[in-house]
Every structure is written in C-alpha cells, then in structure tokens.
C-alpha cells in the first residue's frame, strides 16, 4: 500500500499533465497539480533543514573528520535564518507599511539579509564559479591528447573553436590578400567555427536531444505504468 | 548478479542468454518470459489505463463543473491544432507499450551493451577491494526532474551491489525530497540484497539547495574520505566539472551520466565512463534486466528509427524546395516552401 | 632514453596549471587590457529588433541568473536594459531564480537609477518599468505567467498590487509582450522560456546565455529564437553595437564592463591552446620514447 498509493498518484498526475496539454478544459487541473508540487517542495525545506542540523550535530558530537566545517555550517545557517526571519535592519518602505509590524521586504537594500547576500554569499559563489577556469584548463591539458583518430578530430575541432571564439581568429586573415576597400577582412577560422557550430554541433545536439526525448518518454511510461518503482524503494 | 524480477506477487521466470554461468551476458540481452506473466501484466496495464482515463474524464466534470457551466463558449475538449503532436505522442507511447508486451510474451530482443553500465560492478568491486567508500550524486535538481528519477533508479542497483559487498555508500543530496526518495531506494536495495543492517540513513543526507554550497561540501568530503568510486547520475550544471575533477584528483573510478547536453563534454573529459543522454534513462532498465523494462528500450529504439525516417524525409523535402522553388500565387506573392507548410501547419501545435 | 624534462612534465603538478591560469586572467584585469568583437548575426538580430520596435513597446526582461554567472551575464543585462531605455520601451523585470532578484535590483540601479532616472523623460517606476520580482516554481512559473501574470504574481516586488500600476493595465499574460529578453544562466532559463512561453504564446524571444549554454540553445535559432547573445563574446558584441549607435556615453570604457572582461577571456583562451599543445607535445614525446626505446 505504501508504494501503491505513490505510484497511483504519479500515474494519475503524470497522465493528467500529458492529456491537459491537448485538452484545454483540463488546464486548471494541471495548474492545480503544479501548485501542489510547489507546496510539497516548499514543505520539504523544513525536512531538509532538520536533516541538515541533525547530520551536522551528530558529526560534531562524534568528532568526525571535518567536524569544524559542520560547526561553521550550523552557525552560518542559524545566523542567516535569524537575520532573514527577524528582518534585521529592514525599515518600512511606505506610509502604509509603517503601521504594520515586520513590514518591508527581507531582501531590502541595506538590511542584514541583503548584507549577507551582497558581501558574503555573492563573492563566495562567484569565487566558486571562477574556479571552473582552473578546472577546465587542467581537464583540457589532461584529456585533449591525440591518442586515436577520433581524439585527433576532437583536438583539431577544439583548437579551431577556441581560436575562433576570441579576436585572435583575425590572425588567420593575415595570410590572405588584403580585402577590397570598405569591406571587412575575410576571417576563415571565424567561418569555420560558425560552420562547426551550426552544422556538426547543432546536428549532434539535435540527435542527442531526440534520443533524450525518447528516453524521457520511455522512462516516464515506466513510471506512469508503475513498471519501475525502484525510485520509491521497489515493490512491497 | 541475479536478474529476477522484483515483483513479489507475480511469478516471473526470466531466461537470460548466459544462464549457465549464473551471470547475465553483457554482450546482449535476450530474454523470454513464461506466458502466465502476460495475464497479470496486461491486466495491470489495462487497469491503470482505464483508471486514469475515468479519473481524467471525471475530474473536469466534478471539479470544474461550475466554471464549465458558467462558460458561454462551447467547451473544446481537444485542441485540434495539436493533432499531429498528439498522434506522434500516441505512436511513440504505443510502440513502447507494444514492445513491452512483446518482451513479456517472450520475444527476444537485442539490447546493445553500454560500457558505463558494465563498469558499475567493477567500480563497486574496486571500492570494496580498497576498503574505501562509494560516492553517489543523484544530480542537483528536485525529484520532479526525470533525470533525477533516472539517477535514483540507478542508485537502487548500485546500492544493492554495495550492500552485497558491504561497501559504504555515501549519497549527499541537494534537495530534501531527493534525500527521502534516495533513503527509500537504498533501504529497499539493502533488503533485496539480504543485508537490512547495511542501511544507514546518516549516509544519505541533505546538504543545501545552493549549487556551489553543495559542490563545496561534496568536494570537501571527496578530498577527506578519498572514495574509490564516484557515480554522478542525474541533472548537472556547472558543478559537473568540479565534481569530476575532484574525483579525478583523488584517483577514483568515475561513472557519470546526464541528459544535460551542455555538461556532457566535461564529464567525457574528466570521467572514466559517461552515459550519454538517453543511456542514463536506459540504465535502470538495463540493470534491472526485467523483460518489460528492456522491451521499453526496444520501443525507444523504434522511436529513434521513426525519427531518423522523419529527418530523412524532412531533408529530402528541404532539398526539393531548394532545387525546385515554388511559383507565385494569383497576387504575385511567392508561395511558401513545402517544408514550411509542414512546420507551420502539421507541426504547429507541438 | 632519459629525459628529465619529459619526466617532469609527465608528472606535472596541476597547481602549476592553476597558477598559470591565475596569471593569464589576472594580468589583463590589472593592466586594463580589453578586447573588442565584430558583431555576429544572432546578436545583430536582437539589437535590430529592439531598434525596430516602436517606442513604448512592452519588453519582458527575464533575469534568470545569480552572482555565480554574473561575470558573464550581468554586462549583458546592463546592455539590454540600456538599449531598451534608450528606445524608451516599457520594461517588465522578472526572475525565476530565487537569487535573481538582487540581480534585477542591481541592473535597475546601475542603468535606470544612474542614467535614466532623471532628465527630460525620466523612467518612472510603475509607469515605464516594473519589477515583478521572483516567481517560484521554475518552469511551472513560466507556464503560469504565460497564461495569467496576476495568478502567478498578484503584486510586484514592492508589494504593490499589479492592478494599481499603470504599466500593468491591459497586460494579462506574456501574450501582451512585444518581446521577451532573457538573460539565462541555465535551468530554468532560455530553453524553458522558449518552450513554455514564447513558442506557445507566439511572442518573439531573444536569449543572452552563458558560453557553455550556447550549444544547447543554438538548435532553437533562428526559428524559435529571434536572437542569441552568447557569453562574454556576445556581451562585447552588443556593447560594440551600442557604442557605435550611441557613442555618448556608451563608447566610454567605464560603460563597457564586457569589453574589459574580454581581455581576460582572450588570454585564458590563449593559455588553454598553449596547454593543449603542450599536452600533445608530451604525449607525442612519450610515444616516441616508447617506440624507440621499448
């Protein structure tokens, strides 16, 4: 029963989403299902928050490897929640709001939460994202090796696209006769990059997308018909 | 690995191509099923379809009866503009369901081997030998994403293998609902492996919804614990390369899979095996070895064949347009291209 | 055959690669070395469309990015907003990313607040532009506002009822928009706007996306996407066109953040090419060593 009900819900709502796409009177029902998901996912925040606290408290109490990070996580979590919920530093924006307690948006400029976002969260995530440049360089150095024919093709294509993506591509036009007056110089590698992108990349992407779409259909059917329940923990 | 069906109530007798060795042949799957399955399978299918149809017909009548009654306009039950798309959807679904039923009846189908899936047992075995944990990341999106569901389906198989070998499996999640589903999947897998004590819910935990907070935590864990095998199966974005490079730095065997086409190149560059797009969705069916699920893969292949035929027809039509342009109408305007008629009229609703 | 250099390169610590990348990115930033770009057709198309639309056209500005991807998308968001303000279009800011709201506020402050908040025809909140804020529900939210904006968001980001705002009169859904301009960092983003709003409601859409996303969005161009501005390169292209059309003050370097970031990108690309060549040099040397001295 504990698995049959979720499978039935998945089947009914899944079929509703499909049929509502073709049947306009069912659109409100589809919207209702979408609203329900948003509600359930929002409630799950509490579940996640509770799990986060329990997990890290246990790590601290067991003095597991990296328990100091757990302490930092919990302290940061508590401060952010307190600052956001108590709306520290938030001032009412309008005459009407002055009469109301706790009025004004929690992300208001100058508020505590805004400060955390602007001066802590924002630089931290930007730094994390920037690390990608280092990882890309390291992965490219290691992976782009001319080991076989396919790898050589991949390597040549990568080099063409890399050069074609920046203004360095104009180096290739230096070897060509000067263009007629008033016309821009012909840049062969730029055209080649565009050709690769429009022809090979787009064709490959479309092929993968068609495969993915069919895979999604088959997986969805497996779920809707209850054939695969492994994501729910299998059969009873 | 035993490829018996998981359905406890229904008796399935699957014959694998390499039955004698007790292991499935990984070169190809051919299977047959005793006919007694067909009755229950078809019944389940029919019951589900009828139930859903009754519900769908009853729903608007009951829930929106007031709105519909108030409406002065006639109710349009079907958007005719989407006819072609509806037919296409129906055809693909029908093909997949027919193949499922044929597989259940015992028709043998060939399913091509997928290197990444063949390597899963090797990866788990390696972690066992080294006495190190396994990391499984089911993507960073919520359970409503089909990629996440596909990742969780594979988690079930990996957890079963890990439970059999008693190798610790760490599943950090970035969504609370995914954590709940992952716990269910791992617990059931441990039970299926006959090792209920293997399940430790502390190993399947929620970190944060924030993309890079999650990455920082998982990568930190990887550098500290040095897992021997890493599985990245689900929906990934910019974090894909962080995770894969961290796994590479600690020397783990890495198997990744995503339907997010922008991240595939990163996984290919940094991981040992990558499941490309549709292979992720095929993974759980392939690993389950159930005829019904493998039949669906075959249905998917027929869908692909249909897509190839349509692509060729489209190319031919476009070529015809190029070599033989259409004339002008009575007002002297150029007539639209033939291929344009297909995109503007037939495929309009999709 | 022994080659200490080759042995050293074979076991090259990746931290040397990290250091060289840091230098390649840092030097152009510190030395203020920028990079210009020749506009490409997908960028030109968006620019021309904003130019072509009559003054006062309604443009939905979907800012679906966060500080993570701001390095690539914020300069783009500034250019799009500046261009729309120069043409005096009505702007409807919205985001489906929870961390996107401060990005909208920052864009409004940097463009409308700094350049268009005063003068002969100042941009007025509620009349010329509105901030609808964050819409929860990802793709579902797009689907909702494409059918009814008020159902998805009855109030703006300041808590004012949409019915009280003059800019919202006559606006029911995305259908009333003349153009959707989306700065997209990933999911949900450009693809979802095309699938759930622009294509079903037949509203033209142009997307500015991160470089890595471009391959995913190119299949939609030019049929379902009017224009596509990709990464920092696209942002530089847009800035170049804006500077050419409105040189005062947009030819000024201080108004061209993408131009300055282009220099760092150019040097990082050069380093990548160098590393790939070096990697292959090592690979070939190893092969030679193996074949000659098995």
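Labels A, B and C are assigned to the chains in the order they are written; within every chain, residues are numbered from 1.
Convention: a contact is a pair of C-beta atoms (placed from the backbone, for glycine too) under 8 Å apart; a residue touches a chain by one contact, two chains touch by 3 or more.
Just so it is clear, the structure is predicted and the values come from calculations on it, not from any experiment.
The touch graph of these protein chains is complete, with an edge between every pair of chains. Legend note: the chain whose CA centroid lies nearest the centroid of all displayed protein CA atoms is A.
Comparing the centres of all chains, each the average of its CA atoms, the largest separation from subunit B belongs to C.
With centres defined as mean CA coordinates, subunit C is found 15 Å away from subunit A. Distance between subunit B and subunit C, defined via averaged C-alpha coordinates, is recorded as 31 Å.
For the pair subunit A and subunit B, the distance between mean C-alpha positions equals 19 Å.
Residues of subunit A found to touch two or more other chains are 37, 125, 128-129, 136, 138, 140, 142, 144, 205, 209.
Each of residues 211-212, 238, 261 in subunit B touches at least two other chains. Touching of two or more other chains is recorded for residues 14, 68-69, 215-216 of subunit C.
Those residues of subunit A that touch subunit C in the shared complex are 27, 31, 34, 37-38, 42, 93, 97, 105, 107, 109, 114, 117-118, 121-123, 125-126, 128-130, 133-134, 136-138, 140-142, 144-147, 155, 158-159, 162-163, 165-168, 184, 194, 197-198, 201-202, 205-206, 209.
Looking at the complex, you find that subunit C touches subunit A at residues 14, 17-18, 20-22, 25, 35-38, 40, 66-71, 99, 101-102, 105, 136-137, 140, 143-144, 147, 157-159, 211, 214-216, 218-219, 233, 262, 265-266, 268-273, 275-276, 278-280, 283-284. The touching residues of subunit C, counted against subunit B in their complex, run 14, 68-69, 186-187, 212-213, 215-216, 223.
On subunit B, the positions that touch subunit C within their shared complex are 141, 211-212, 235, 237-238, 249, 260-262, 343.
Taken together, the subunit A residues at the contact with subunit B in this complex read 8, 11-12, 15-16, 18-19, 21-26, 28-29, 37, 40-41, 44-45, 47-48, 51-52, 55, 58, 65-66, 69, 124-125, 128-129, 131-132, 135-136, 138-140, 142-144, 205, 208-212, 214-236.
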